[in-house]
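Next come two complexes built around subunit A: one with subunit B, the other with subunit C.
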Partner chain A sequence: METKLRMDAALFQVMDNEGNFDKELEPEIPKDRLIRMYRVMQTVRMFENIAMGLQRQGRIGFYIGAGGQEACSVGSTAALKDSDWIFPAYREPGALLLRGETVLQLFHQLFGNENDYNKGRQMPNHFNSRDKNIATPSSPIATQIPHAVGMAIAAKMRKTGDIALTYFGDGATSENDFHSGMNFAGIFDAPVIMFCQNNGYAISLPTRRQTRAETLAQKAIAYGIPGERVDGNDILAVYSVTRKAVERARKGGGPTMIEAITYRIGPHSSSDDPTKYRDKSEVDEWMKKEPIRRMRGYLIKKGIWNDDKEKELLEEIDAEIRSAVKVAEGIAKPPIETIFENVYEEMPWHLKEQMEETVSRYGKNYRGG
Partner chain B sequence: MKREFKLPDVGEGVAEGEIRKWLVKEGEHVREFQPLAEIMTDKVNVEMTSPFTGKILKLRAEEGRVIKVGEVIMEVDVEEESTAPMEIKHDSSPRQPEAAKAASHPQHATESIRATPAVRKRARELGIDISTVKSGDSSGRITAEDVEAAAKSVHAGTPAPAPPHVSGPHDGVERIPVQGIRRRIFERMAESKRNIPHFSYVDEVDMTSIVHARDILTRKYGDSVKVTFLPFIIKAAAEALKEFPYLNASYDEKTNEILLKKRYNIGVAVATDAGLIVPNIKDADVKSIEQLAREVEELASKARAGNLSLPEVQGGTFTITNVGPIGGLLSSPVINYPESAILATHRIQQRPVVRNGQIIIRDMMYFTVACDHRIVDGAVAARFGNKLMEYLEHPFLMKLEF
Partner chain C sequence: MVAETLLQAVNDALRTEMEADDRVVLIGEDVGKDGGVFRATEGLINTFGPERVMDAPLNEAGIIGVATGMAMYGMRPVAEIQFMDFIYPGFDQIVSEASKIRYRSGGTYTVPMVIRTPYGGGIKGGIYHSQSTEAYFTHLPGVKVVSPSTPYDAKGLLIASIRDPDVVIFLEPKRVYRSFREEVPEGDYTVPLGKAKTARKGKDVTLVSYGASVHTCIQAAEEASREGISAEVIDLRTLLPIDIETLLASVNRTGRLIVVNEANKFGSFAGEISALVAERAIDVLSAPIYRISGFDTPFSYTWESVFMPDAAKVLEYIRKAVNY
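Our next item is the complex of A and B:
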């Protein structure tokens, strides 16, 4: 008997690189929603340019970009209800923005100021929003996967009808938490979507060094979970595939793993230089498949977009971002006491002692010099 | 308003960067986030963008130059108040407590002063307000020399300045700036412990003969010179070192060679109010006990008064630290970098010992020899210890002059 090591590795696509689309596969998304999705994609890209500049100028400590991967988070979040839970990795500001989080709030987070939801106690670029059911990312890779599975099981037990979706990268599929999460999700029929953004590199490690398997999606088979592969730079395809997984989960059909093939245009983070491990020719090749250009092509072909609207949109976003930087940078840092707060409901003695010592050194309500 | 842009840490822990190419010119108008320059670091190559909107007054670094993080690379006449790093307006910020203000670096009035971060730091160390320092040249730049000169004129005629007291009411801590001798001790001790793999060898020596000899010499010299045990120990060490050259040595990192010293300049650790100082007695091997006694006395009093000359603290080859007069049973001394060994001697005490099957009372002393284990093997240190004991127990074996 022949040993089977393969599954269908074909990518699901709706549109080509120019935005020409297959009418039969085209999902039904209202016009305003499409434009909103496009606006968020552009915002993520422009936000990144400014934020990386802020890091280079020494005004924020760290940044992780999502440029080139906007279709993944925006397309998949668009297929969810707003009450569904999202457990992000760190390249999903698009998910927050699509749910209505403001650019200003993201800058509050980057500057770690008083208005930041986490009061500066998270690394920059670890965006979350309690209101929007988007959990805070944790820097260790893949730890969010079991959290999402747990939340999905809880939602199922509480019969809320909500599901959970978690984002992670190709590197995460080598982590124990991925395997534990997949196994639990399968066993408990958890209404969860495992959304893997395979951008080809775990920092500098290429996917071919990450696994011997031909695809990441086929890992789902071992857990009895459907695995889908999708062109992650095709926002319509991402939306459709996620939609299908959402419907399955809501109907009690259990989890789905989605492998979205994508590419990050910039560095892994502000501490990385991709020219050391990627050829320019490779980047140029991927720029042809870049998701914003494709979405714009689609919108123009649908007759709902043009150059004037584009220009106006970009000016609007640029002004929004620049004014948000100004406001967020001008807001005070949180008082030093907040370092010790919000972990325990009642502060234990050792933290109390440390807080008293810190306050005696810096004074009450100290916010940095 | 003129603003300076200092090279930030563009990666994580980046210390310097090379300006590969300026993308703007002097006199040009730049907008916030407009690309300024291509900067290459050992970690990342980045396109630096402008933190300000305004007219470029000066590009302070030419292409190809390596700039340290914190150095000014550009001056801009800022036209609108952009949110720049150094002068953030905290509208909702409460008044800073005095203690915190004092503890943080003084920022006032330093905006328009041209001085490198190192110079500013030096000024803070010396307790000099940099805004009061005059530049020594026409460029208006304040250099380290300017700061030192200002410090000299401020402190001229006054004894060692009291360290600036910068603690506040909330502190519960007194803050002592590490400077002067203490700074030197910091550097040298850390250097020694960081570079030298120490080991300690301990034994005890019967000092009864030396106690007798000292009594006799004290009677002989009377008040003219104070004879302590130290001259005998110095002498014994110098004699023993002649037979164990690797303990009178140092390591030359640059040439990867061990330097065996042919002179026996024995350092003596002196505790002063300002801290530990180690002057050394040159050519201790050829000096008489009386000479050694006089020199020990002289160097110690000079050290306490802060009057030692440079040659008196330089050129040592081996060090003795005599802990005995203060107390203690044993110690493990830190080598006086870059020497290869140090001898610590301790309290001389009458103790019962067994000799030829009989318990008798002798003047006993523990000593420690700490060595650089790269240069000195354990067996060598042990044999050196034995030789030292031999000389101290039987002083007539040494070439002694009184």
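Our next item is the complex of A and C:
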């Protein structure tokens, strides 16, 4: 059978692996903002190294990393306004940090302590921040995509000017909710950006086993939506492509799907061994395209970065993370009453009864021994 | 006051709330020009326009998921699922998402949304237009489950559901949609969620039901009265959270309990009602608790009248309980 529809599978790039950049394509981002973006990328990576260690020591229950994918969330979030809504999956701590959420707050979530926004109810890495317009993720895949579309339709109805961006992975494009979201987004002309971080694997399964399609972005064609492909390890390219989608959405031009080609350096989570399903040579090859090194190369070539600044930055971030771990680990668990709160706005009788029985067994405001 | 069917009362409630609050929007299949396959939304698109009466593509996960996102942003969406039998593609959006968003975000995001759907048999709907699967939802923390049996309650409960800050699954007994009219106040009033109603007073046996089966119970109770048996009928109206006080007060007076619904019997909400009463009032019971439900088979087209509990069957159990 002849393939009737094809899209250009070429990736949009602004810089090469060494940070040499195309002046024509280089986006205009103020120097302080660039350094902030770089800082967030480094923070995500260092945060992950320490958090994975905490998991190995049994101090947190689980960890799911974003290493190697930092340019995707940081570059795209940088193209939004802080008032726009983000519907994340679980590899986007960069989005939260760029919007000013603190490292300490993320550790509150990992430890599930009293200061955690989720009150200790979710596994590590299910970060949300109401204050930063970052919605609450779940573990089932792709379920957030229709929410982003609904929020975007509502924003359009209310004429607030807000748009939505939702993150998901390559595996999510096989889920029913991806189809639901894409189809509704197209029909209702929703100001939403579908940002797919294609890191090549859904846990162990390579993308070629998710679809026979040559690209994921081409799925957008069937929904009547523009699809873009971008080098997801090139933060300038991610920023520019997202910026274009943001402008389209803001002007009433509707949704865009972006497929960002990236790679996770580490395992899917603290619970798998990636050497079982991918070769070391593949990882080595991708390390040459690693996004933090590329951005550092760019900043140096721009003349706004050097080794001294790098050293100072890494020391600062390291100190911030270590102090946050210490503080967050020392904060008490949420009291057991919180098990029963926020199921409904008002607690119904049967939950009150269960809470009272539990409190009578453990004591009021019990937080563990 | 105006005499309305239950279906008209639903339409009246939607119109009343859409006029009062511009955050209220409808989304569902054929809810626009067609006015819904049962005509529950008839005429609303003419008043409120296609932006607020959203004809959705055929995709229940999308309808419920999109409505969830709208609700998170501050709208008050009312999603219509054409038949309860078709809700399952959207089940994950209810189970994993809408019902848990308040909890998993520590109360910072909420989903004030209603999902309306017709349920139950009696319209010659066969397997896929007749089922009563409310137990899937009463098992789920984070949702409220409501089912009216009369036009007055339908309007008041639906308005209360739209104003409720939580996810409400609003089950409309389709067999009763056009079966009778009742005086319904014009404009705005609410019937509170979580409060049962004593549909008929009695002293010998308590019949507990909801939705269409309430009428079966009332009919059986009237027949029983001719035999000198006084049966009380409790219409739960809200299944979750259940009004345990009204239920126990009745059983404490009568000492007998029969639960009637159309759902498959095994694991149905009738079992939960029975267990609640057994745990709290077994001492007052002078007969076993009986459940009269649908069979543990898929629904039948040809034999729907046998599948669904009828007044004769309820009457048999009333006699059985009283003579135990």
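We take it that the second predicted complex is superposed on the first by the 365 of 369 C-alpha atoms of A that agree within 3 Å, B and C clash if a C-alpha of one lies under 4 Å from a C-alpha of the other, contacts with A are read in each partner's own complex, and residues count from 1 in each chain.
In the analysis below, a residue touches a chain if its C-beta (ideal position, glycine included) is under 8 Å from a C-beta of that chain, and two chains touch if they have at least 3 such contacts.
The shown structure was predicted, so the numbers you read here are calculated from the model rather than taken from an experiment.
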Exercise for the section: Mind checking the superposed model to see whether subunit B and subunit C fit together on subunit A or clash? Expected result: fit
Completion exercise
Partner touching more residues of subunit A, subunit B vs subunit C, is chain C
Practice task
Could you tell me if A:Gly150 is touching subunit B, subunit C, both of them or neither one (first, second, both, neither)?
Solution key: second
Handout entry: Nearest-approach distance, in Å, of subunit C Cα atoms to those of subunit B in the combined model
Key = 16
Problem - Residues of subunit A that lie at the interface with subunit B and also at the interface with subunit C - result: none
Fill in the blank from the handout: Counting only contacts in the complex, subunit A reaches subunit B at residues 49-50, 53, 55-59, 62, 114, 267, 270-273, 275, 322, 325-326, 329-333, 359-367, 369
Practice task
Over in the complex, which subunit B residues touch subunit A? Could you list them?
Solution key: 5-6, 8-12, 32-33, 43-51, 82-85, 88-94, 96-101, 103-105, 107, 168, 170-173
Practice task
In the complex, go through subunit A and note every residue touching subunit C.
Solution key: 85, 87, 116-119, 121-122, 126, 128, 130, 135-136, 138, 140, 143, 145-155, 157-158, 164, 176-177, 179-181, 183-184, 187-188, 341-345, 348-350
Problem - List of subunit C residues in touch with subunit A within their complex - result: 25, 51-52, 54, 56-57, 59, 61-62, 64-75, 77, 89, 92-93, 96-97, 100-110, 141-142, 144, 165-166, 194, 241-242, 244
